[in-house]
Amino acid sequence: MIIHFPIPKIKRRKRKLPLPGAEPGVLIPPTELPKPIVYRIDYNSTRFDSTKLEIDSLTAATFPQPDVITWLDVQGLGDIEFLKRIGDQLELHPLTLEDIVHIHQRPKVEEYDDYLFVVLRAVRLLDENRIDNEQLSFVLKDRILATFQERPGDGFNPVRKRLQDGKSMLRKNSADYLLYALLDATIDNYFPALEAYADTMDLLDERLRENPHPNLSRAVHAMRRELRQFRRAAWPLRDLTGALGRSDFTLVTDQTKLALRDCHDHAVQVADFVESGRERASDLADLYLAMVSEKTNQTMRTLTIIATIFIPLTFLCGLYGMNFDPDASPFNMPELKWKYGYPAFWITMILIFLLMLWFFHRKGWIGNKNKKY
Amino acid sequence: MIIHFPIPKIKRRKRKLPLPGAEPGVLIPPTELPKPIVYRIDYNSTRFDSTKLEIDSLTAATFPQPDVITWLDVQGLGDIEFLKRIGDQLELHPLTLEDIVHIHQRPKVEEYDDYLFVVLRAVRLLDENRIDNEQLSFVLKDRILATFQERPGDGFNPVRKRLQDGKSMLRKNSADYLLYALLDATIDNYFPALEAYADTMDLLDERLRENPHPNLSRAVHAMRRELRQFRRAAWPLRDLTGALGRSDFTLVTDQTKLALRDCHDHAVQVADFVESGRERASDLADLYLAMVSEKTNQTMRTLTIIATIFIPLTFLCGLYGMNFDPDASPFNMPELKWKYGYPAFWITMILIFLLMLWFFHRKGWIGNKNKKY
Amino acid sequence: MIIHFPIPKIKRRKRKLPLPGAEPGVLIPPTELPKPIVYRIDYNSTRFDSTKLEIDSLTAATFPQPDVITWLDVQGLGDIEFLKRIGDQLELHPLTLEDIVHIHQRPKVEEYDDYLFVVLRAVRLLDENRIDNEQLSFVLKDRILATFQERPGDGFNPVRKRLQDGKSMLRKNSADYLLYALLDATIDNYFPALEAYADTMDLLDERLRENPHPNLSRAVHAMRRELRQFRRAAWPLRDLTGALGRSDFTLVTDQTKLALRDCHDHAVQVADFVESGRERASDLADLYLAMVSEKTNQTMRTLTIIATIFIPLTFLCGLYGMNFDPDASPFNMPELKWKYGYPAFWITMILIFLLMLWFFHRKGWIGNKNKKY
Amino acid sequence: MIIHFPIPKIKRRKRKLPLPGAEPGVLIPPTELPKPIVYRIDYNSTRFDSTKLEIDSLTAATFPQPDVITWLDVQGLGDIEFLKRIGDQLELHPLTLEDIVHIHQRPKVEEYDDYLFVVLRAVRLLDENRIDNEQLSFVLKDRILATFQERPGDGFNPVRKRLQDGKSMLRKNSADYLLYALLDATIDNYFPALEAYADTMDLLDERLRENPHPNLSRAVHAMRRELRQFRRAAWPLRDLTGALGRSDFTLVTDQTKLALRDCHDHAVQVADFVESGRERASDLADLYLAMVSEKTNQTMRTLTIIATIFIPLTFLCGLYGMNFDPDASPFNMPELKWKYGYPAFWITMILIFLLMLWFFHRKGWIGNKNKKY
Amino acid sequence: MIIHFPIPKIKRRKRKLPLPGAEPGVLIPPTELPKPIVYRIDYNSTRFDSTKLEIDSLTAATFPQPDVITWLDVQGLGDIEFLKRIGDQLELHPLTLEDIVHIHQRPKVEEYDDYLFVVLRAVRLLDENRIDNEQLSFVLKDRILATFQERPGDGFNPVRKRLQDGKSMLRKNSADYLLYALLDATIDNYFPALEAYADTMDLLDERLRENPHPNLSRAVHAMRRELRQFRRAAWPLRDLTGALGRSDFTLVTDQTKLALRDCHDHAVQVADFVESGRERASDLADLYLAMVSEKTNQTMRTLTIIATIFIPLTFLCGLYGMNFDPDASPFNMPELKWKYGYPAFWITMILIFLLMLWFFHRKGWIGNKNKKY
């Protein structure tokens, strides 16, 4: 039976492949995802309204109100018809809607005529053994930010709280600043997961140095796989945040770009840490091999010492266990009849034994003669 | 006898080398390929005609009809003369025709004066053990798209169906949009093959953790080879789709470029997955080595425990099997005549046995003393 | 018990994570850091005043005096309120202050409207086993340079001494030259730490060649980890100094840029040495594996020689220890009754022994027959 | 004695070093090379003359005839004086002549005032074990192409034949098109050598999976060396052909540039194949190690099974071979006198034997219990 | 005792660290270096004067004479005061002088207002075991070239000879051409050292294939270290010569730039060879591991064969060495009294022996049954 060393595991979901050659914009419902719940938050520096949106109430007239910024927070992607209606209201390109629904997109930022589309992966430590990994899409229009999550439950609550606070900078800025705040929260959520990996590797490291148990090797192998998965989510963030902070997206103000520079720094740090983690996991695999080689060597040594000491002694015993008939000839094992034959035999044996000990001691195989290493 | 672990195998075909120094444009018939069958589809937003083309009917007059887009679908490259006639009708450069016929081209896109030439590899999962790998060439002219496949059987059927559907976007767009749709279908066909690899590696991973059988090592090795082959087909797709979406090819409209951006994302994902797969196969090879090292260590340990316990005991037996004559001298093995000599011998042996057990237990070699690892 | 080989260890501090989604500019006090002590040095070519600043005396009126350059040397980050007041006086952006206080920034240089912000890591050899690793922030304004250290104790004393010396170039130049001098001192402090690593690796190398003790393997592993840590501090210095020396920062004069070119050379050298060190540590790990493999081989050889020599001899002894009854049949071990049976047995044994020695000698396993290698 | 596995070997020639500090343009005669033979081919669309050139007849007046393109085909570099005369006639820079004669140049293309100089390595499969590797230099002037080979024997014969054919495109084009044709022939000659490597690796692969003989390891090692050598010749071809096809060399017409694009594709493919080959050779080395580890494990297992079964049995035999005197005490080995002592002993032994078999069977070490792997 | 395999060793000198924070331009005398000797060569196409310069005679008036080019050849850096005086005469920036004296600079080229500063490492094979490694600085002014070496003894003698020769191109060109000639000589001096490494690796390769002695592993490890050192000197040469040949340094004429292109080719070749060498050393380390693994396997096999053959035989002997009393019971070892018991025993043993031989032969462990490998 194999007992596994506990490793934080990233949630995986079997990719539901669109039929190759399907019409672009044909949406394949990820049926296992929950039905969408939509929260609508309208705010400006003086106002703050949060409502749970009914599906029927979603008409073009209802949003982009003058002087108000609207955050449309869609949680759950399980109802294609509903998402299509939202797409129509927001005037999204069919390919954008396809990217939102098909939850295995590579993180990217795309500019369309009148909106900016950002899709990335939100990786979040749930507890010490589970790491959530969901796709997060942002659509930024003039005074609207729409966010799409796979299901309820996210890392945005601190931002929601800040929004309620009338003195927060969020309230004084445009929708792109809200996008920044949510991106920042998403990226900051990567760190606790990275810390969990680092802690697990610290533990693995310590255990490996003590005893290279094969379960630790399996754990290191699993760790490498998780980090590979993690990297696939984390690396594109660097380019994404870099592009957002640098390029001439008209929807992003200069002040937000300054803030996004900070965001980009964090994304670079995440990528650095992932890479360090990967190198470290690779080192641990090397260490395991080195430790097992040494252990095999020690096992061999134990056997060799025991065998080398006793095999000659056993031979000697065998020698005097032979039945050459002393009566038949005076040459036949006369030592068996000597007076001190047996004591002499013992002395010989003890001498051989001591000689062997001395030999192995000199080779450094036994004894702790304070050898420098 | 070596039984192989089943790995999805990419179809290989021995490269038929053109004679070095041959005239460019000299076509070497890939004789093992079937004779071409040509389907011609003429369509616009209101019309749709599909005919199987007779070779004789192929004259310059017959195609580019006004207001109609023509898809010339050539399946099979086994008739050089016929291909030359098509090349003449389409006014292809001899090097283009050479690239179409010599089926070991590196994927690329080339712009000629009045047409765009795209060549790539279509990799498609046939069944769980076979992956098809054929060269696919596209020639895009003003209102003509010609496609060249090595043989009948492709992943284009969904596109053909969409073409028949009068409401499809394909019918409303120009020939370059059809090129995009076919490219997209081709790239989407890479994913099932990648999934097959991933599944096989999941299985390999699981089996390796249980028991590092040498057949698994051979399978990992074979997997690395397949992935190397796969990468050679998949990597150039990134540059190819990127170039198509970015550059100033006059034959590609802006709308198609937007769609090709999506296509490029998929190509990048394919390349990412291949790279992840390669890293994973490399990790599996490391894991195998680590597991075998540990297994060798355990085998050694078994031997060492048995030998270390029994060798001293056997020595003791040998000792009292000696024939020193007790009658010849009182020093000669008097213990053989002691009353409790034999019981004392047994007690000694049992003590040695227990000592050894205790020693190995303390070393952690035997017993499951709930050791942390 | 595991005794560790002494490796210079880089100081690590557990990252205190800002709550993901927190308002940017919200400062989390690194409480374990000491309260700030602030030294203020005002100087020009003729004047030099150094005062320990009281927290209350810090008002906007007090600094940027005409014709004087002010160095504000803040040592310790343990008082958020105080730092905020300094930030207000210097008119720092909230994100700058956040970067100063959150001591896990990636080294970078950022230009704001009226100041330049540089943050990097000061890595300094304390003694042969400890390497200090603290964050150092610089804010360069027109005639002010503010430096922020995690705690008192730095490598700036030589610069302070040079400042007191009226003839030093520092006194004749603007604040950006002081920035250069401090950067240069910081980067030069990396070298002794690198030398300590190189010395440790020289020792490890020498010891490994003598005897591949598992503690040495653990030490090589630890070394790789330290170097990975070191690299994370050292590599960004290349880009940072390069950017400072090249770009059009209005606050940096041409003369200082020339000097920064020298600084950049040193940063490149640091990065080169770290990379060499990492390659070397990786080589040492390979060497360990090779040495252990060879040692195992030698252990095996010892066992094989002993076993191969004595097993046949012991078999022979066992043979003549059998109790076939010579009296029951003339075929039953008549040799036991031969006159020269025992001497013949010895001669056979000695011949076998010599044959074995010759065999192993020819195989090169024993004897030092001046074999070329 | 070591028997080598046959590997295609690239010809190597000891570099004859120019004396460091020698005057540039001083030519060191590669004396081991044969004396030059010069063929001169004058051709245009209607004319074709081929003559073996006498050294004396080489005067400036003789070539660049009006309306004719001249190919000067120099085979052999063994006569410095002669080469200098050719250099004078062609008005070559001394450094060009030096590059032609010193046959260890890195492939490159260099533009001089009135000519283009291309130097590369011609790698050609001679037979299954030998690969030729000679330096090839091209000097392209207005209506002259001069080629310099180390010795007679090349891969240009197909081009020569095409030149004789009045309908060939070569006859209708300028000298740069001849340069393209020769470059193309040279690069196409790389493929058969690559195929030979691939075939050898297929064989190595197959043999290794059967039996990891150390000769195969040596062969894999030799293969890596050959491929490293091969890469040094092949990689620069990519840049060379790319530069020729892209840059504004006035001597290269647009039509030739289009053709060179094809040439560049082949060079990229050669580089790709070499890289794949190198990865594959590296994989084979890993496979060898894995196979040997497993073989060692199996050897160990055989020994352990035999030893573990017989050591306890031998101990039992030794036990009842002891000479405790049953007459001296009733406790001394009374079982030797029991009626069913010997049968009981046999039963015990058989039980132990079966127990061991069962134990090893359960461990999966013996028996082929259709174990999944 | 460890006997080392002879490897060419690069000279190392302990870096004397400037005190971090020291005033730039403060020179730390490398006291172990000899006092400077200065040779001054004035030349033009008609004149050539070489004088050993007295320290006192060095005044500004003495050099840049009209119409003459001056080469100031400083050999030895052991006198700071003297170097400062030269620096003053040449109007060098303090940082330049610092770079000249602190002999651990990374190779680079720097342009100052009126001079060009080049610093690099001269690596030169002294004899088969020693490679010299000294810093070489060049200062190029309008008609002056000053060179600074660590100590007398260099590779410039051929250039000095050429200078004396009135017909040499050196005499007809400006000072930058002399710089090129010296650079070229320096880079050409790298090749013999590279050849020495290649020869040593050829030898190592051959020996390793015969017998993987641990000293060879140590030698491969040492080789990797030397090559790492070598690379640090060689790689920056590529950029340095490339920059000199490309950039708009006003002091470098077009003709010299053409010649520097050749120099750059050689620097690229040096870098290529170093990289090949490093890959090869890495391959050798892999080969060693593979060979040792195989050797261990063979040792194991020898032991297993011997043990497996004799252990059962010894068991049989032990069996009939037991003392079950045949007189006490008819079941007790009646075979000992059989007439043909002993011959039957021998036949059994011989059969077992042959069976084992056949078994190992079939496994391919013994006998040379012309096995394909």
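Note that the chains take the letters A, B, C, D and E in the order they are written out, and that residue 1 is the start of every chain.
In the analysis below, contacts are C-beta pairs under 8 Å (C-beta built on N, C-alpha and C of every residue); 3 or more make two chains touch, one makes a residue touch a chain.
Keep in mind the model is a prediction, meaning the values are calculated, not measured.
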Length of the shortest touching-chain route, chain B through to chain D: 1
Intercentroid distance (Cα basis), chain E paired with chain C, Å: 25
Averaged-CA centre spacing for the pair chain E and chain A, given as whole angstrom: 40
Set of chain D residues in contact with two or more other chains: 289, 293, 296, 300, 303, 307, 311, 314, 318, 321-323, 333
Chain contact topology (line, ring, star, complete or other): ring
Complete ring sequence of chains beginning with chain D, oriented so that chain E follows: D, E, C, A, B
Chain E contact footprint on chain D (complex, rising order): 2, 5, 15, 17-25, 93, 95, 98-99, 104-106, 108, 110, 207, 211-218, 221, 224-225, 228, 232, 285, 288-289, 292-293, 295-296, 299-300, 302-303, 306-307, 310-311, 313-314, 317-318, 320-323, 326, 333, 336-343, 345
Chain A to chain C touching residues, read off their complex: 155-159, 162, 168-169, 181, 184-186, 188-189, 191-192, 195, 205, 209-210, 258-259, 261-262, 265, 268-269, 272, 276, 279-280, 283, 286-287, 289-291, 293-294, 296-297, 300-301, 303-304, 307-308, 311-312, 314-315, 318-319, 321-325, 328-329, 331-333, 364, 371-373
